[in-house]
Amino acid sequence: MDVTTIAGLLLGVAGILVGQALEGGHIGSILQGTAAIIVLGGTFGAVMVSFPKKDFVRGLKMAKLAFRDDQVDMSAVTAEIVQLATVARRDGVLALEGKLPEVSDLFLRQGLSYVVDGVDAGVARSSLEAAMEAEHQENVAAAKVWEAAGGYSPTIGIIGAVLGLIHVMENLNDPSKLGGGIAVAFVATVYGVATANLVYLPLASKLKRKLAIAMERKVVITEGVLAIQEGLNPRVLEEKLRAFTGEHAPATNEAQRRAA
Amino acid sequence: MDVTTIAGLLLGVAGILVGQALEGGHIGSILQGTAAIIVLGGTFGAVMVSFPKKDFVRGLKMAKLAFRDDQVDMSAVTAEIVQLATVARRDGVLALEGKLPEVSDLFLRQGLSYVVDGVDAGVARSSLEAAMEAEHQENVAAAKVWEAAGGYSPTIGIIGAVLGLIHVMENLNDPSKLGGGIAVAFVATVYGVATANLVYLPLASKLKRKLAIAMERKVVITEGVLAIQEGLNPRVLEEKLRAFTGEHAPATNEAQRRAA
Amino acid sequence: MDVTTIAGLLLGVAGILVGQALEGGHIGSILQGTAAIIVLGGTFGAVMVSFPKKDFVRGLKMAKLAFRDDQVDMSAVTAEIVQLATVARRDGVLALEGKLPEVSDLFLRQGLSYVVDGVDAGVARSSLEAAMEAEHQENVAAAKVWEAAGGYSPTIGIIGAVLGLIHVMENLNDPSKLGGGIAVAFVATVYGVATANLVYLPLASKLKRKLAIAMERKVVITEGVLAIQEGLNPRVLEEKLRAFTGEHAPATNEAQRRAA
Amino acid sequence: MDVTTIAGLLLGVAGILVGQALEGGHIGSILQGTAAIIVLGGTFGAVMVSFPKKDFVRGLKMAKLAFRDDQVDMSAVTAEIVQLATVARRDGVLALEGKLPEVSDLFLRQGLSYVVDGVDAGVARSSLEAAMEAEHQENVAAAKVWEAAGGYSPTIGIIGAVLGLIHVMENLNDPSKLGGGIAVAFVATVYGVATANLVYLPLASKLKRKLAIAMERKVVITEGVLAIQEGLNPRVLEEKLRAFTGEHAPATNEAQRRAA
Amino acid sequence: MDVTTIAGLLLGVAGILVGQALEGGHIGSILQGTAAIIVLGGTFGAVMVSFPKKDFVRGLKMAKLAFRDDQVDMSAVTAEIVQLATVARRDGVLALEGKLPEVSDLFLRQGLSYVVDGVDAGVARSSLEAAMEAEHQENVAAAKVWEAAGGYSPTIGIIGAVLGLIHVMENLNDPSKLGGGIAVAFVATVYGVATANLVYLPLASKLKRKLAIAMERKVVITEGVLAIQEGLNPRVLEEKLRAFTGEHAPATNEAQRRAA
């Protein structure tokens, strides 16, 4: 479980509901089916028009990623690559074939299979980079589904509010209904702004950051695989990969702590 | 038919109308000719000034693309190119001439004609890339017609609303007309915001994504054609093109599923 | 005359005035000298501070470009360059000297004079590209005058409205003047938003697009001149230039139509 | 004096005050010490937090640049460089040493001293470019002080207005004070929006443009110095530098006029 | 202590409170627990969802950096590197080993250890650049925590205000409570806009600028270390590093003063 996603959603919703209760408001006054129909219908309608079916479905499914605890253990990846590089240097790259089933990361396994198959280094690099980039593009396009929802939702909320106000204005002769009518109209605004700022936009932000981290990991793997292919000294390789992951030698870590 | 475009438009409009009906509002109160004249006239007037005639007309026509089901079958394209590469490698590039009429994709056919005509590889690459880029630029410029409409529409709606309010304010002495007048004024806001967020902006978003996918397809074709020209091994070519399309070997697909 | 600029301005203004008239509003209520003084004075004051005199004056003058029908006939340019290339290839580059007076495009003539003068190819390319780029930068800076006006105008309109409302609030004790006062205040908002969205921003958009098209044309000319200098085969040159202009061989045009 | 800066400020402020006076408003009603304290205090507080002291102080001082008439006479610079190139070519680069004291531009003098000292061409280029880039970055960071002020000011104005409205609402029982209270509250909005749109943002825009022009000048000087070092023919150099400044041969100037 | 951060916060808050007091408002009317719960809970809930735990925690801790006086003394760094270069040139790079413990900057020490260990120049450069870039990316991602808070806070404030207004509208029949209720509702807006514009956004701005300056410093160190490795003349090195830091020879400094 991704702790910040769960805790953040709870904190955001709780903050608003507790505040509302303390001010003496009833939860009931902000629970309104028609506002929900307008805001959710309008928002997801707009989002569906905005994306091809494949992106839309993928985007919805990708929400799970924001709730999963995908701590990317960069040092474990680095260690695994360095170990494989040691094997390759000692016993030749063909010795990696026997290690392939033990490699759990599928992108790393794919890269290593190029090394074992003796694929040309240039082709291997361009294939790994193109695959990495193509997948990243697809993922980012899908993550934008939530960004788009966060963009449409507040304006749809305003449409709901204005429709409600139009209804109120037409019945202005009965002032006793005025306040209640306006209250109902405002709920649509709350729904639109709250779903956007407490759910959709934060979700999009987390997805994009997680995708960027996953991308960095693939960059490290690509560099590692290509270094194995060209027979780089495992110790030099370790130094190089650590630089990529920002977890350099102790000295630099300390500098990093100072800066943080 | 592009399912998400149709379904999204229906969902968005239905959500708002159903919500409006459930709140007890009449459809009649949001149907108003003068508001439509102000919002549509102002918006499309602004859009026409914003674009040269060629872009404007092309942009309007391009709306169709958002409704068409243009599933780009990347694996079919890849398979066709690999098959052509096999022919070229076995029988020489001139053997491709007989295959040209069977090639349905016109950009691919153009590329292959360069190969058959023995056009220099550098010229072929720069010509294919320039053609691809020039067409993409033209298309993106046309798609921006809808983006611009989505930008102008809400502000024109506000002009309509303020004009209506001015009219109301001038007749403030007759309070019985106040509510109705304000209601009429607000309809312009609804029209401006709703057309922008339910139609124009989503349409622009879908068009741009579809153009990007069409562009990716041409990149794959360009890489394929140039690889055929330089006589790349068809199996290596298949691997390379798959990387570009993100539908790598099974292993990576699985990784992709995990990430999605 | 640029049809879309004229028609768009008429459509936008007519849409709003007709709508206003149909709602029963008087044109008189939206004609107000003081609002115009505030909005135009404030906007152009802000724009003048924002730009050096040279950019400001050039930007104002450049508005004409939005009204002129500058259809760039790319095929005519391409044809002229190909014809010149044929002459150069047949009779040598010095034969171009006699053709120079017939060349109407001044950028093309400048480029050809480099060829005739035997200027080094690298210097010719960097000079043409630097000249093209410098002029484009100057033009874009000038076009931004209108973009800036479109940015300041609505906020100046809000200043005008708030100033009007302050005046109204100070005389709140006389309710009979309330409505009229507010109406007057709102006119400044209409002026600010309408000039920005019906005139300034659309104008800036059209200018920038026309400048981009003029830039593409110079890119084609530069490529053509340099190809003539290096003696490229005129037929290959034609193919290359067509790719740049997106008006490739019939096959690709058809594909383009499908996409459009 | 930079005419447009002075005239623009006068025009903007005059437009608003004259408009206000014509509507019958008193200057007095928009002169309010407390609103000024809130808006200026809040804005410059936010700006001070936003920037390191060095940038902040430099940014404030840089405002002078917007009022100074720094017409960059590109043809004078070009002429001077070409003349120096002629000396260097005729008498050798060491002959430039005697000319150094006459060179008024300090960046040019620095560049020439590299030539005289026989600094390696690669080091000279990278040093001049790094110095130019570092100074430009510092200047742009300082100019952003005004951009930031323009961003914070309207929102601080809204804080002032809402605080005023809170005060009004708490005294709602005395309607006679209502209008005056709201009027006072609105003045903060006027201050926030007006300072941002008439002063801060236009100032930032002018500073950035002037810095860009100063940067272009240094690019020309750098190219000139390096060309002198490699002994380029002064006439070719003149042609090259003119291309950079966009004041090409007459022919192109004419084309430029047509486009403008 | 970073003077501008402290002074800016004080100035901003004081400006608003003094203004409020002078207008006759009570501090008490803008101190409201429920509004604080809604705005802070909602904002930090949204921020937590938006970032992985690592970024979130690092971002919160990084706030300290905005309060610390980290004057980067570029000339001291330059002087130290030049001195080390002199040692290396006189006594060989191995002589640097004895100097390592005296080097206080940890990034510089890391770089020098590469030189002493005889790491290949290409590997050293790519490792230093990758480490520098990776750390910078991490830091910028963490600084965005404050930028995100500044983005969510005003909209959460609006949610609080609208919730308050709903509550007011439902009790419209008791006009005596109207004003007070609205006042309470508006406080949420003040909290949302004020925290964003006086604290979060300025903090994010300062952090990003300080990170950029720290990055520049590492660029200078990297260039210095690599120059030491290739044995560049210390005097030429000094010139080169000064160019990077923008504190060129006196002449240019003077030019800089003129521009500032």
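Think of it as A, B, C, D and E in the order they're written, each chain with its own count starting at 1.
Convention: a contact is a pair of C-beta atoms (placed from the backbone, for glycine too) under 8 Å apart; a residue touches a chain by one contact, two chains touch by 3 or more.
Computed from a prediction, not measured in an experiment: that's the story for all the values here.
**Student:** Through how few touching steps can subunit A be joined to subunit D?
**Tutor:** Graph distance in the chain contact network comes out at 2.
**Student:** Which chains lie in contact with each of subunit C and subunit D?
**Tutor:** none
**Student:** CA centre of subunit D versus CA centre of subunit E: separation in Å?
**Tutor:** Centre separation, subunit D to subunit E: 24 Å.
**Student:** Where the CA atoms of subunit B average out and where those of subunit D average out, how many Å apart are those spots?
**Tutor:** That gives a centre separation of 39 Å.
**Student:** Show me the residue ranges of subunit B that touch subunit C in the complex, using the header's touch definition.
**Tutor:** Per the stated touch rule, the residues are 33-35, 37-42, 44-53, 55-56, 58, 61-62, 65, 105-107, 109-110, 113, 119-120, 123, 126-128, 130-131, 134-135, 137-139, 141-142, 148, 152, 155-156, 158-160, 162-173, 184, 211, 214.
**Student:** Hey, which residues of subunit A end up touching subunit E in the complex?
**Tutor:** The contact residues of subunit A facing subunit E are 2-5, 7-16, 18-20, 22-25, 29-30, 66, 154, 176, 178-180, 182-183, 186-187, 189-190, 193-194, 196-199, 201-203, 205-206, 209-210, 213, 216, 236, 239-240, 242-246, 248-249, 251-252, 254-256, 258-260.
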